[in-house]
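You will see chain A twice below: alongside chain B first, and alongside chain C after that.
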Partner chain A sequence: MYAVNIEPHVVGPKGSALENLIDVDEHYVSEMQDRALVLAEDPLRCQSLPHMTLAGWDLLELLMEQQALGSPEHFTLTRDGDKWRWINRPLGIDDSFTFGDVSTLPYGPMEYITRQSQGDFCILDQRDGNLWMDAGMVTTQADWSLDFDIGMNFFEWHAPVPLAHEKGIFTRALKFLTNIQQGKPARRLNWTMTINPRLDTSPENYHKWGPDRTTVTPENVGDKVHLRVELQSFWRLPRSNGIVFPIRCYLIKMDELVTQPIWARRLHRVIRDLPEELANYKGLSRYRATLVEWLSKLDDGSPTSAGFGA
Partner chain B sequence: MSTGTTKLDVVVSDVVPVNELVTRFHFRRRDGQLLPTFSGGAHVVVEMRDGERTRLNPYSLMGSPLDTREYTISVRRDDAGRGGSLFMHSTVRPGHEMVISYPVNLFSLDLRARKHLMLAGGIGITPFMAQTAQLAADGGNFELHYTCRTASLGTYADVLKERYDRRVRLYHDDRDERIELDRLLSSQPLGTHLYVCGPSGMIGWVRDRAAALGWPAETVHFEHFAAPQPGAPFEVTLAVSGKAIRVGEQQSLLEAIEAAGVDPPYLCRGGVCGQCETNVIAHDGNFIHNDHWLSEEEHRSCKKIMPCVSRFEGRSLVLER
Partner chain C sequence: MAAKSIISRPVYGTLSPQPGKHHLFVADADGALAITDLAAKAPDGFFADAHIIFIPGNEGQHVAALEALKPAQFYQGPSFASALPRLKQTLANAHMGLRPYLAGTEGLIGQAMQAALEAGIDHTSIQTEHRGSLARRVQCVHCKGITESVTTQPATCSHCGLLLLVRDHYSRRLAAFQGVCINAEDRSEIPPAEEIFR
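For the complex of A and B:
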C-alpha cells in the first residue's frame, strides 16, 4: 500500500528528469509565468516566518548553483565573496546583489529564487526533534495549503493522510529526515491524479478545479485524466540547518501514458486495487470506476516488472 | 540507505598550541576548493589513522561559518582518555593529510530566539566560538557566560572578550567565581533560548535549575560531548554478520565492530544522535550505558545499546549487527 521508496538523490540518465538534481525543462518559462499569475491573485502562496530568512539564503544558493551547473546555457552565477551576479537568460534577468543583504534583492531570498525555479518548495525548520513548515513557495500543489499548514510540525501537517500514522510511517520518516546530511540529498516519488493539465490544484482554488472531477466520461478519459507524479527531494541547508523539500510536479495524460503498454497495464492494476481510503484521499472516487473500465481494455493480463523502470 | 556523512580529504594547514592543554588544528581541502558551509554548533568527525588503529572522534567547528577556506577545531589533551587527543597532540603536524566528515549539526541555534543565552564550561566553549561569530555577523542578540579553571586555561577567553567585550562574562574556579545561575535564569527577557555545553555535571545543573525556574524544555539546548570511556575488555557476537569480536580496553564497541569490517551508520560518535542504535539479541551480564539517546526505560530493558559510547561486563553479548 505504501512503499518505502526513499533513495539517494543522485544524478540519473541523460535526458531524464534526473539528469540534474534540480530539473529545468521545456516548460520553464510557462511555469514561471503561471507562478507569477497565481501569486498576483493570492500572495499567501509564498510565506516565510521571520526566523527563516537565513534558510531562504541557503535555498537561493542551492538553486542558483544547481541550475547554473545543470543548464549553463541558461543560467550563470558569478561569486566574488558576498558580491554575487545572477544571470537568468530565459527570463531576461541579470541582477547583482550582496549575499545575505535582503535590501539588495527585489524580493526576500526565497521568493526571489523560487519565482525562477520550477516546482514547489517547503523549507522546514529543525528543532525539538521535529520539522516545522515555517516557509514555502507553493503554487503547484495537489490539494494542500501552505497558508493552512504554515507553522505546523511534521505530524500536524500529515494528519490527514490515511492509514500511515497507524503503521508508524511518519515516525520513521521523521527520523530519516532529521538525519539527512549536508551533501547527501535523498528523494522519493509521490503520485495522485488530476483532471485537466492544471498545476494549481489548491484548496484555495477548489471552486475552479474541483468540479472538473465530475466531467470525466468514457469518451474523454484519455484526454482529461492525468497521472500527477511528484518528485520530492530532501536537502540539508548548511547555514540554517533546516531542510528544503522541493516538490516538482509532472503531469501526463492517459492517452500519452498508454502509448507504453506496460505502463497502461500497471496503472490499471494500481488504480483497481487501491484501498478505498487512499482513493478517497487522492480524490479519485468520482471517476475511479470510469478510469478503471477504460484502462482494463488495455490490460491483457501479462506480468509487469516488479520494481521501478520499464 | 546509509545515513552517514560524505567525507572530505583535507590537509592540516596549521597547528597552534593555545595553552598547556589545548591545541588548535586548521584544515584545508586538498583540492584547494572551499569547504562546505556550516552552521554554528556543527561538528566534524576526524579520522585518525594511528598505525593499525583508526579512531574517529567528533570535534566542534570553531571558526566563523562565514569563512570556509578552512575549518578549525580545538583539541583538549586528555591524558586518561583513549588516546585520540594524545594522537592529535603528539603526531599531527602541518602538512598531514587527513580525512574528516562533512559537518553535522546536533547543537543548532534556535533562530526564533530573541536572545541567545550561552553557558560554556572549559573546552565546551568551542561550539560557541562559531555560534557567536554567526550571530555577531547578523546583529544577533547573545550573551556568553564562560567558566574555566584558571585564567591561563580559559581557552579563547581573551579572543572572545576582545571580540564581544561586555557580552562575555568570565568565571574562574581558582578565584571562586561562580555563575549566579538562578539570578541569571530569572532575569532573562521573554523569548530567550538557553544553550549549555560543558562537563555533564554542569549540563545537568543548568537543565535542572532551568526546569525548576519554569523554562520550557524546548528553550533549553545542550550538547554533551561524551567521549567513549575506556573499560575492561569484553567479547561480543555479531549475529547478522556471523562474527565474534573482542572490544579492547581503549576501544569503543563501535570501533571494534568497524574493525571487524561491519559498518553501522553513525553521525556523532558521542551517544546523542541515535544513528548507531543496535538491538541486543541475547546477553548474560551488565550493560554500562553512557549515552544520552536511549530512555532510562530502554536502558533498563537491556534490549538496545549505543555502541559508540556504551560498554558491557559479563559472559556473553549477542548483537543484531
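For the complex of A and C:
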C-alpha cells in the first residue's frame, strides 16, 4: 500500500524527466505564467518565515546552478565574488545582483528564483531532530495549503495522511531526510489523479475545481482524467543546513497513458485495488468506478513488470 | 479531554508549578479552576512573582478565587481581544525565566499561545490545560477569514458563507482549525449541521 520509495537523485536517460536533476521542459514558460497568475490572485502561496532568508539564498544558488548546467542554451549564471549575473532567455530576464543582499533583487531570493523554476518548493528548517515547513512557493499543489501548514513540523503537516503514521512511515522518512548530505540529493515519486490538466488544485480553490470531479462520464474519461505524478527531491542546503524539497508535477491524460498497454494494465489494477481510505484521501471516490470500468477493458490479465524501478 | 485525533491537533495537559522567575497565567472562564488547582500544589510565595490575565466571560465567576491567590499583578478583561495588547507587552518585555501557563477554552489557549510564539517562546515550554467549551476557532481555507466559537459540523464561514467541514488539522501559527468547503464538488449536497464542539 505504502512504500518508502526513496532512491538517490542521480541523472537518468537522455530525453527523460531525469536527464537533469532540475528538469526544465517544454512547459517552462507556460508554467511560469501560470505561477504568476496564481500569485497575483493569492500572494499567500509564497511565504517565508523571517529566519529562512539564508535558506532562500541557498535555493537561489542551487536552482541557478542546476538550470544553467542542464539548459545552458536558456540560462547563464556568471559570478565574480558576490556579484552575480543571471540570464534567463525564455523569460527575458537579465539581472545583476549581489548574492546575500536582498535589496538587489525585485523579490526575496526564494520567490525570485521559484518564479523562474518549474514545480513547487518547500524549504524545511532542521532543528530539534525535526524538519519544519518554514518557507515555500506552492502554486501547483495536490490539495494542501502552505498558508495553513507553514511553521509545522514533519509530523504535523502530514497529520491528515491516513494509515501512514500507524505504519511508521513518517518516522522512517524523517530519519532518512534529517541525514541527507550536501551534494547527495534523494528522490521519490508520489501520485494522485486530477480532473482536467490543472496545476493549481489547492484547497484554497477547491470550490472552483472540485465540481470538475462530477463531470467524469464513460465517454470523456480518456480526455478528462489525468494521472498526476509528483517527482519529489530532497537536497541539503549548504549555508542554512535546511532541506529543500521540490515537488514537480507531471500530468498525463488517460488517452495518452493507455498508449502503453503495460501502463494501462497496471493503472487499472492499482485504482481497482486501492484501499478505501487512500481513494478518499486522493479524492477519487466520485469517479473511481467509472475509471476502473474504462481501464478494465484495457486489462487482458497478462502480467505487468516487477514495478518500482523496472 | 478531547477524543484521540490526528497529530497536528493540540494535546493539553494539567498545569503544574514550573521552576522560573516569573509566572504568566492567561485563562478564561473555568480555566481559573486550573489555576486554583495548581495553587494547591504550588510552593509558598509562588504567586508573588505571578501575573494573571483573566477573562471571566458571561458567567463572571472565579474572580475572587484568583484575587485570593494574591498575584503580583491581576487583570480582569471583558474579552481576549481587550487583553491582547497587555499580553503582548508583557511578552515583549519578558526576560529569561518567564513561564507561561494557559488555561480555559481552546480558543483562548490557542490565541495566547500564538502571542507567545510570536514573542519567540517555544511551544513545548508552555503549560496548557483545557477547561470548558470545545468550541473551535476555524480558518476558512478559501477566504482565510477566521470564524470564532464554532460548535457545529459542518459550519458556515462567517466571512464568505461557504459551508465548511471543520477538520482536526490545526495550525498553532494561526491558532485555528482548518475549514474546507464540504460540498465543493456539488453544492446541492447540504449535510445537516450537528452540534459536536460544545
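Methods note: the second predicted complex is superposed on the first by the 307 of 310 C-alpha atoms of A that agree within 3 Å, B and C clash if a C-alpha of one lies under 4 Å from a C-alpha of the other, contacts with A are read in each partner's own complex, and residues count from 1 in each chain.
Convention: contacts are C-beta pairs under 8 Å (C-beta built on N, C-alpha and C of every residue); 3 or more make two chains touch, one makes a residue touch a chain.
Since the model is a prediction, treat every value here as computed from it, not as a measurement.
> For A:197 in the superposed arrangement: first (chain B), second (chain C), both or neither?
neither
> Going by the contact rule set out at the top, does A:160 touch chain B (first), chain C (second), both, or neither?
second
> Contact residues on chain A for chain C in the complex?
Residues 44, 145, 147-152, 155-160, 165, 203-207, 210-211, 213-214, 286.
> Which residues of chain C touch chain A in the complex?
6-9, 139, 141-142, 144, 162, 167-169, 171-174, 178, 180-181, 184-186
> Touching chain A in the complex: which residues of chain B?
1, 3-6, 36-39, 41-42, 65, 102-105, 108-112, 134, 138, 218, 267, 273-275
> Which positions of chain A touch chain B when the two form their complex?
Those residues of chain A that touch chain B are 6-8, 50-52, 54, 61, 100, 125-128, 175-176, 179-184, 186, 238-241.
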